[in-house]
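Note that chain A is present in both complexes that follow, paired respectively with chain B and with chain C.
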Partner chain A sequence: MNEQVLLGLADDELVLGWRESEWTGIAPLLEEDVAFSSIAQNEIGHARAVYELIVGEDGDADALAFDRKLDEYRCSPLVELHLLEWAHTIARRWLYEVADEIRITALKDDPDTAVAGLAAKIDREEAYHRMHAEMWHDRLGDEPRFQAAVEDLWPYAVGMLPEGLRADLAVRTGLDLPSNNLLQGHERGTHTPELAPLWDEMTIVRRSAPTGAQW
Partner chain B sequence: MAAVEIPRDEQAFLEYVQSGGQVETTDWMPEDYRKKLIKFIEMHGNSELMGVLPEREWILRAPTLQRKLALTAKVQDEVGHAQLIYRVVEDLGKPREQCLADLVDGKAKFHNVFHYPTQSWGDVGVIAWLVDAAAIISQKALLKCSYAPYARIMKKICWEESFHILHGRDVILAMVTGTPAQFELVQEALDRWWGPLMQFHGNPIPADEDPMFLWRIKSQGNEEARQQFLDGYVPQIHELGLTVPDPKLHKRDDGVWEYTEPDWDELKHVVTGHGPKTEERLAFRRRFLEQEQWVRDVVLAA
Partner chain C sequence: MVAEAEVWEALEEIPDPEIPVVSLVDLGVIRSVDVAEGQVRIEFTPTFLGCPALEFMKRAIEEKVPGAVVKVIQDDSWSTDKITPAGREKLRAAGFAPPAPRLVQLQSQVHRCPYCGSTETKLENIFGPTPCRSLRYCESCRQPFEQFKTI
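And then the complex of A and B:
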């Protein structure tokens, strides 16, 4: 299995889980506060499981998650965006879940049984996230600001997947694939300026003690 | 079970609840009792909700994946508690939307400890361990609440809170056995939080003069709760090598803890909306409540 693909999955889940935790205590409905905490928890749990798979039994998943240099992260620009605004947050949730399902489905057929098994396990939990995202997509679908948010984020969602999986994303979302020009700066492999402040805050406590300190 | 006849007279109702009688939502109750219940339970709901805001900052900064998961689970529990608690208030006649609006308008109270800043990861441990320990003592005194629907949800809440204390103690344990700087973070946090913790259970008014006790909304007085907290946790604090920042604190031969008089003026000042972080946290909630009003409008119109 290509380690970079796994790392992309884990970093996406870690960073998106981080972004969704930003809604803690301030979601538009208490029910969504609970839902977002639960989703964030699952995403971070998935990230941990994938990091553990990459580092192996004696490896340090935390070190892999937090102690890399910024340019070594493989997350997609979509999950990095700071979007404390519900229309864009839900547009990202929906686009991410559709793209993630395509990616996870491909991983379920991976020849490495450990990878395929983990993908199947993640897929079972993601099914609930997809239901939640679909429900909100249906609720907000007619709202112009939600439609505009989907349009804004669409190139980023496409940029989350490798080229071979993009046509499927277009079919499932009913959206047209953007031109290569429009994809520039939105594809995995590049980072937005919003990743650096996120990483700084995410690791501020960890960096305050010498490497190897227990927390 | 045969239905119990609830007395429809204030004095007889008072005697009924004082002898251990419980009341359901549809039962008759004196207006004063209903008002006191709403005020008390609403403040509990507000506290669960406001308590997640200081934690929010530290979910984002949690130093390991495990800690991040545990904190996220904890706030999920807490908002879930707020949801349950506001439902009880709603059944008593005050809608949730009104509670949330009064909260951000500064018309409703929440616990003193959630008006203070959190400065380090040490605070995260102290809050999850000692603030939650203090809270669980108050909450256990609600398991026998004369208002039965509230007593019932407290069972679930107390059970979940007990896990938060374990998480908090584990955070503290990792740090006090870590580097000297990590130990210092915990000691500094304890120094900061000790005052608010000693104020947490309220001034030592005799239980018989406490209306919440008279109506048997809670089953113990303020000082009793504080003594229980000191008895349960001071030995544990010492065991970890930490120092309680109160030179007067000691246990008398008769088992009663003596301590420096907490600053009751500070408590009053803080819970009436003048804490160091009160306005900032309310403004933060208010900002998003206003920004996302359209979402609630769309949902309600459906």
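And then the complex of A and C:
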């Protein structure tokens, strides 16, 4: 089991789930309010399951999720971006789901059966996220504003995957891989300035009640 | 000493927290019950990973079968195909269209209205009040309904 790969997956799903939940209550359509809330809930559920797998039966998944320092997170810059703009939000949804499918498909063949089993379970749910993303991609694909958003975020989407999986992403999206220069600052392993305020918000309960909050 | 059959009977009485017309046994989430040397071990699988009812179900099992060791298994052993025939009928009677078997769903995109049985239904939203449900509308009896997602 490659722990760094799993941590990257879990951190992506946690942070993106957090970002998607920012649309709850303010999405442009009621249907999308429901959709983004559900997707966020699923992504955070996937993050929890992967953290639990990493720490093992007696480990503390919350500690792994929320007690790390900012630079210890393995999420990709794509999911960190604070995008309260619909064209970019949908562009990220679509790019993320295409890249995520490639990554999850690879994990389904992992020699560790616990990893492969969880990846297969996650994949069943992600199928509905992909349907949603495809629906929007079909609807907005010809719009210049959407195309510009995809172009903006494309280096980030490439930076989400290890080099060996990037060619597949280019084929599936029909886009050309960017040069190494353009990838700088967009790849996993670096962080955007937008992660710090999110980390602050995400960890504040744990930091203010280190011995555990009681509800 | 508790017999395995008694444990199953007890589990049949635990309603799903979000769709209480079906029990955990109807949903097919109880993967195994094992009684050995007086110790009851129960394994169960979540439906959707983000389901907030997960902890609630675990506690309900522990309360219903005192002393049992309850283990959550997060592998790929649950799909909506595990919902029992009785569970499907209970869902339908309560106005939730039961999930089609995976093989059928992959080959045809037919969704039947749980009220009038018509297949003239359309998707309103892939997502609904909980992760496991979609919203559809029946063109025949003009009734909106919730569709349990096939996963």
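By definition in this document, the second predicted complex is superposed on the first by the 210 of 215 C-alpha atoms of A that agree within 3 Å, B and C clash if a C-alpha of one lies under 4 Å from a C-alpha of the other, contacts with A are read in each partner's own complex, and residues count from 1 in each chain.
Basically, contacts are C-beta pairs under 8 Å (C-beta built on N, C-alpha and C of every residue); 3 or more make two chains touch, one makes a residue touch a chain.
Predicted model, so just to flag it, every value in this text is computed and none were measured.
When both complexes are superposed on chain A, chain B and chain C end up sitting side by side without clashing. When the two complexes are overlaid on their common chain A, residue A:Gln147 makes contact with neither chain B nor chain C.
In the superposition on chain A, A:Gly45 makes contact with both chain B and chain C.
Contacts of A:Ala114 after superposition on the shared chain: chain C is touched, whereas chain B is not. When the shared chain is aligned, chain C comes close enough to touch A:Ile122, but chain B does not. After overlaying the two complexes on the shared chain, residue contacts for A:Trp86 are found with chain B alone; chain C is out of touch. By the touch criterion defined above, A:Leu53 reaches chain C but does not reach chain B. When the shared chain is aligned, chain C comes close enough to touch A:His132, but chain B does not.
For chain A, the partner with contacts to more residues, out of chain B and chain C, is B. Once the two complexes are overlaid on the shared chain, A:Val34 sits against chain B and chain C alike. In the superposed pair of complexes, A:Thr190 makes contact with neither chain B nor chain C. Overlay on chain A (Cα): least separation between chain B and chain C is 5 Å. Touching of chain A by both chain B and chain C, each in its own complex, is seen for residues 31, 34, 37-38, 41, 44-45, 48. By the touch criterion given at the top, residues 31, 34-35, 37-39, 41-46, 48-49, 52-53, 113-114, 117-118, 120-122, 124-125, 127-128, 131-132, 135 of chain A touch chain C in their complex. Within the complex, the chain C residues that touch chain A are 48-52, 74-79, 124-131, 149, 151.
The residues of chain A lying in touch with chain B in their complex are 17-18, 21-22, 24-31, 33-34, 37-38, 40-41, 44-45, 47-48, 51, 61-62, 65-66, 84-86, 139-140, 143, 145, 201-206, 208-210, 213-215.
Chain contact summary for the complex, chain B toward chain A: residues 49-50, 52-53, 55-56, 58-69, 72-73, 75-76, 79-80, 82-83, 86, 96, 120-121, 171, 174-175, 177-179, 181-182, 284-285, 287-289, 291-296, 298-299, 302.
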